[in-house]
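Sharing a structure below in structure tokens format, with a few things to ask.
By written order: A, B and C. Residues from 1 in each chain.
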Amino acid sequence: MSAPGTADVAGAPADAAATPRDRTTLLGTPGRRLSVVRVAAAPLLVAAGLLVLFLWVRSLELDSIEQRTLNSDYLVARVREHLVLSCAAAALVALIAIPVGMLIHRSQSTVLRTVVLGLANIGQATPAVGVVILLAIVWKTGFSTALVALVAYSFLPVLRNTLTGLAEVDPATREAARGMGMTRWQVLRRIELPLASPVILAGLRTSLVFAVGVATIATFINAGGLGDMIVNGLKLQRYPVLIVGSCLVAAIAILIDWLAGLVEELARPRGL
Amino acid sequence: MSDRSNSIFPSTAGTSGGVSIELDGVTKVYPGQGVPAVEDFSMRIEPGELVMFVGPSGCGKTTTMKMVNRIIEPSSGSIRIDGQDVLHLSPDQLRRHIGYVIQQIGLFPHMTIADNIATVPKLLGWSKTRTSQRVEELLETVQLDPAVFAKRYPRQLSGGQQQRAGVARALAADPPVMLMDEPFGATDPITRERLQAEFLRLQAEIGKTIIFVTHDFDEAVRLGDRIAVLSERSRIEQFDTPDAILAAPANEYVASFIGSGAALKRLALLPVTAARLTPVDGSSRRPSVSSTATLRDALDLLMVTGADALDVVDEEQRPVGRLGHADISAALTPPERVEVGTP
Amino acid sequence: MDIVLHPGAITGLLGATPVRAEGYQGLDGLQTFLERRSDDIQQMMIDHITVVALSVGIATVLSITLGLVVWNHPIGRTIAVTSTAVILTVPSLALLAILSPLFGLGWGPTVTALVLYSMLPIVRNTVTGLREVPAHVLESARGMGMSPTRVLLQVQLPMAWPIILTGIRVASQLAIGIAAIGAYVAGPGLGQYIFKGLSSLGSLNALNYALVGTVGVVILALIVDAVFVLIARFTTPRGLRV
């Protein structure tokens, strides 16, 4: 289907990055030692961007509508809502999807695997905004709906990465482990899981960054977050509000990707 | 190892050597395949014996071997190790007492060499000190300096070093039985030869019962106490000592598998003392060959020097006899059961 | 946890007051809904495909050109891949919103955003594909006296094509999904129905709108993916087909 190490169509959007060898990220080409430049570049750029944004906003004459949103209380509240929503979603996905992936892998059922991977491909093609809005229509609006929609949306990609990561473990390594008398669970826990962890973490990272993006849409169903600023700025033609909202959400996404990239690299088992 | 409380095979209590393996009417049929991969395979392997399974790829030799530790479950037949039916043991328990080395080695890339070797001792619940002592001892046995290699990761080792670490890992819990699937197949010829020599030296020390699968007949001749030449469905075409097989191939199939130069291969197995030496008195001007050399070495020397005979000398360089072309030929003619010399 | 009103925020979209969806009527009306609006739906699907095709087409030209320029320069390569990766990190609603003051509403911001988002997979796969051509092939090409440019265009590019095509396929899937959000800045396509569902929240047809919009996007994505399988089959150089 696709050459090794390249984006596979099955990959989630940013998750074209899910293959460990060719993961190109904000940190540059991973796998080697972390250089100072690579560690510091993203936060420095973001800080510089935010500083410019801050100075620009200060130089503006804000009208009453703008003043109501462009103040620290309002901004902190929106950023907090946004982070809580995306992080809660990613954490829930990790807690559910990884164990489920382990169980499916353990069951050794090819039927189950095929069904899950097929569903993941269709889930992949489903627009996030559609999931969020549909759920709001059939259930209710608000934070919990947004959370459920986010979890539902990120669940399959993480599950798929878990399955792929576990399946990609070198058969010789697995056979050696079995041949030494490890039980299937011991092989899973001590050998397969550590070896699959880079792929699983890459999937989680993608879903976290994605969650930050989809959380923006949560504003449509009254779940708060920085999407509020974007939508209001657009609707009321207050461009400073729109731009501050957009820049903040972009900054969060980039920083979270950066942070997740660091964790990913530090958590990579030594020897790989 | 004095503490053998972990052993599941009765006669290994107190000894470090091997135990017998008996396969009786073992058959493997894969679901959905009409023809069995292994059909009615029976063999008895003596304690401490190194038996080579040799045959072309796809003949079922690996399948046969993997049924012994139940990586592949036999469809029928029985397999007994030290008289105990392995099909009645838990596969995981069984495998912890059988050393297993595969061609791809399968070292765990995320663990250090020491942790790799400690895997089975940990599964068996050995104490930390006992495990670490054993790891150190084994690294020395396979000639990897513990100070250098214990904390390294597999990818930091060369192919030959990885293979040694793999053997050390298989030996970790001092299993009486070892299964080896083309363990040296992926190494370059020079490394392979060195690993083979080291392996023979090691086996002379530890005396495990070993089933060793290979497709390389020369390797089988070099290492094996006995060789089983296998054809399709793991049929045993001949099962005998290397010398006997070389001297008298049972059929066309075995002969074609031996290939050309059977006589030369045999000579490499025989010590010069296997030939009838003409007694000599005093020294001569003839080239000399050590009495521990093989007949092949002697023939080589004859060819190179152009002499018509050699003096065979003992460790103190005293001549013990004269050896000519005719004597070498004579040593080959009656396929006498000479004790298989380790080269 | 129902409706959260933020000070200064106008809730709901386009003046519609969000309410709990008790008015939801089930799927009974779906068939009538589809019959009555089939022309409308058809037009939106065509628009959706058009905006995606246009954007991915532009992105392909830009990205392959960029890839050909930077593939052999470590720094240029890192900058190209990293900056396109950063763009992909930016949430789509934010990018669309930022672009709207510059490009107005409708096709302008939608196409621009889709082009930007589509670039990473194509740039990265172009670079990877060009770099993965085995050294011995390059050496023999040069050994026959081909100039570096000729080697690049006649040997490397054809050999890298299957990988580049995979990148374009990923980009298309990405663009089809994001185009749905483009409807928020009045972009064309099925997203319009999804948002119409939101704005008529509580009414009889809300679910029909959102469902048709969402499922329509899924169907488009699957069709396009199948088309790419065919394209891959017919454009992969014969010798490279597996």
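Brief remarks follow.
We adopt the following convention: contacts are C-beta pairs under 8 Å (C-beta built on N, C-alpha and C of every residue); 3 or more make two chains touch, one makes a residue touch a chain.
Keep in mind that what you see is a predicted model, and the values were worked out from it rather than measured.
Between subunit B and subunit C, the least number of touching-chain steps is 2. At the far end from subunit A, in terms of centres built from Cα atoms, lies B.
A count of C-beta contacts for the chain pairs A-B and A-C puts A-C on top. Each chain gets a centre from the mean of its Cα atoms; for subunit B and subunit C, those two points are 60 Å apart. Averaging Cα coordinates per chain places subunit A and subunit B 53 Å apart.
Chain centres here are Cα means. That of subunit A falls 18 Å from that of subunit C.
By the touch criterion stated above, subunit A contacts subunit B in their complex at residues 170, 172-183, 186, 191, 194-195, 269-272.
Every residue of subunit C that touches subunit A in the complex is listed here, in rising order: 1-13, 18, 20-21, 24, 78, 81-82, 85-86, 88-95, 97-98, 100-101, 120-121, 124-125, 128-129, 132, 162-163, 166-167, 169-170, 173-174, 176-178, 180-181, 185, 191, 194-195, 197-198, 201, 206-207, 210-211, 213-214, 217-218, 221-222, 225, 228.
Residues 1-3, 5-9, 11, 13-14, 16-17, 22, 24-26, 28-29, 65, 68-69, 74, 77, 122, 124-131, 133-134, 136-144, 209, 212-217, 220-224, 226-228, 230-236, 239, 242-243, 245-247, 249-250, 253-254, 257 of subunit A are the ones that touch subunit C when the two sit in their complex. Residue ranges on subunit B touching subunit A, taken from their complex, read 69, 71, 91-98, 100, 102-112, 119-120, 123, 153-155, 169, 179.
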